[in-house]
Structures are given as C-alpha cells and as structure tokens.
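Chains here go by letter, A, B, C and D, matching the order in which they are written, and residues are numbered from 1 within each.
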C-alpha cells in the first residue's frame, strides 16, 4: 500500500466536500486513483474529458503512482 | 467632345504635378480616360492594379463617360 | 508571458508593453463575461484555477506560438475570482511583423488556453442557480 | 462604423464604445508603423486618402462583415497624415457573442480595408528617399 494525497478542484471539490485528502491505496496508475475516488468526486464525465497532474506536473492517466505522490484531479476545464 | 474633370491621387498627382485638370475628350470609357492621360499620371501599372471612381462612386474601367463627369484616377491602394 | 490575476486586467498597460518598433501588426483577443449562456441569464461568473500549473501551461502555450511564428511578442493574462457582466476574463495580445502571424498566433493562444489550462468557470444565474461550465472540447 | 482621422487614434475610447453585455469575444487588430519595409529603414509614413470614398467603402466593408456574421458590433478607424514609428495607423475592433465570429470578422475587415479603400501610403526612409507603397494584391 502507498500513501498519496489527492486534491479535488471545482465540481470535484464541491462533490467531495473537501479540497484534499490522504489515501491509502494500491492504485497503480492515475486512472486507478480516479476510479477509486469516483464516489468522492462524483464524476460521470468520461476520463478523457478530465485531466490529472502528479506532483505539479501534467500527467497521463496511465502514469504510475508512487508512495507520497500528490495527485491533482481536474474536472473538464473551461478557461477563457 | 465632352468636358470632364480628372483628379489624380498619390503618385499620379505627383507625376501629373496637379491634383485636378479639365479635359476636352472623346473618351467613351473610364479606361479611355486612363489611357488618354497616361503621359500625365505616368503609370506603368496594369489597369487592373488601379481603380477609378466617377462622380464619387467606385466605377469599372468600362463604365461610360459623360459630359461633366468627374473622373478620379486611383493608383494602387495601400491602406492599413 | 502568461499571468493569472485576481484584479481587473489593465488592458492599457498590457498594450503599452507590447509596443515594438519592428511590429507592424497587433492582434488582441479579449474574453468578456456575457449576460447569457445556453439560454440561461447570467448574473456573474466565478473563475477557479490551480495557479501553479495554469501558469506553467500558459507559458508553454505562448512558447509554442512563438515557435510556430518566430519573432513575435505575445502575452496572456487570465482572471480568477468573481467577475461581473462585461468584465474582461482573459486578454491575449500578439505583436508581429505582419498581420497574418499576429492573427494566427493570437487565435492559437486563446484556443489552447481554453482547453489545456486548469481553470474552471462557474456561472451564477439570475434565477439563483449556478453551474460549472463544461469544457468546449467536451461539448463538441 | 468607419472613420478617417488626422489625430492619434484613441484606442481606449474605441474599446469602451464596443462594450456590449451580449458580447463574449472581442477581437482587435491594430496596424502599427514599422521601422522597416522590404529592406529599407523607415523614418516615418504619410497617408493620403480620398476621404469621401474611403468612408463610403469602409462602411460598406463593415456592413458586409455584419452580414456574414450577424449580431456583431464592428468599428474601424484609419489615420491620415504624417505618422511616426509605433503609431497606430488603423484600428479594427469586433465584439461578438463568440470568439470565432470576432476573429473572422476582424480579419475580413482589415483584409478588405487594405485592398479596397482609396488610401495611399508613402514611406519616408532614413536614407532621405521616399516611396509610395505598392498595394498588397499587386505585390502578390
């Protein structure tokens, strides 16, 4: 098991009711983290509409997750 | 014969040395006026690069010329 | 240069910064808060951003534009916080030798900014409801 | 609305005039006097225009843009007289519901303004020479 920090933004943060939480997880990839926290962030969006960053770098959903990582889950963006 | 006023602009005016002159002409079309005054406006530009207006309306080179017309000869434009 | 700000965007100051004796064309795009979206009457907007990554990614977008169209000055500033109707939410300016690059680079920057940066927009409607706006690419 | 002016173009006042609660995208193009053209170092520019027809034709160009892209506000102001390096020679602004129309209409207007209006540009070079600039379409 790894200990990671997950941060939620915008509608994910509102759905989760918290901006950040610490998880014990056996998630291998960022996609696994997204799936494991689906009840928390409440997203029905396809993964391809969302984005993920790990330790302040944009990442892919198949990026591997290591102990101590900070995983940022971004719902569909809408700048401009 | 008709009496018309011809006005020159930009390089045509500089070449002609006057901004405006009155001509007695048998020109049938605007293109005829351009050809008849070629020595004055000194243009080596193809007709298609220049423009003409008659009595303050943009016109075609085959527009007919009537007695009393004011013919404006425009060298290649370069706004902006 | 890309920046996020919680204050009114100072469009005059930005324009002045873009001036360059070698530039013949200057193209600006501003996104303004509209009073209507998809049939809802909008009262105000709220922008949330994850600023560290928005800035990194915004700078990357500008660098890409400068690589596609060399020798141009480009800048983008994006708002955060609460905005009222008519407020400027984003400003993109590009100064280039000729207008073609200025238009194309400006368009490239705003298009990428809208789909790549971690920025979210919540609309507050006159009805009292509110909602997070879906991304453009998701809608299409 | 199209206008010619012998004075410095007041870009702030023009921007303010374009504001509209229904507009979400605002695109501006400015033509600036460059210090160089086709290998010549430019000291200043002089614009000559036949104003009555430039204004008629400029208004026609704007009306065409508004027909192609309905519901937009569009404005263009063009300088006459002597201009120095960095001066704004032409300003085109378009406010529209969405950015696509704003960009396309702005581009349409400046492209047509440059080739249709009876306006001529004389470059004064640092060398002391001067020359009338050939039209874009003629060069291509």
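Quick notes on this one:
Methods note: a residue touches a chain if its C-beta (ideal position, glycine included) is under 8 Å from a C-beta of that chain, and two chains touch if they have at least 3 such contacts.
These numbers were taken from a predicted model, which means no experiment stands behind them.
Number of steps on the shortest path from chain A to chain C, with steps defined by chain touch: 1.
Ranked by how far their CA centres sit from the centre of chain C, the chains are topped by B.
If you average the CA atoms of chain B and of chain C, the two centres end up 48 Å from each other. In terms of their C-alpha centroids, the spacing between chain A and chain B amounts to 72 Å. Rounded to whole angstrom, the centroid-to-centroid distance between chain C and chain D, based on C-alpha atoms, equals 24 Å. Residues of chain A in contact with at least two other chains: 80.
In chain D, the residues that reach two or more other chains under the touch definition are 31, 99, 110. Taken together, the chains touch in the following pairs: A-C, B-D, C-D. Taken together, the chain C residues at the contact with chain D in this complex read 11-12, 15, 19, 21-36, 85-86, 95, 97, 99, 102-103, 106-107, 110.
On the chain D side of its complex with chain B, the touching residues are 31, 47-50, 52-54, 56-57, 78, 89-90, 110, 113-122, 132-138. The touching residues of chain B, counted against chain D in their complex, run 9-11, 45, 49, 51, 53, 56, 58, 72, 74-80.
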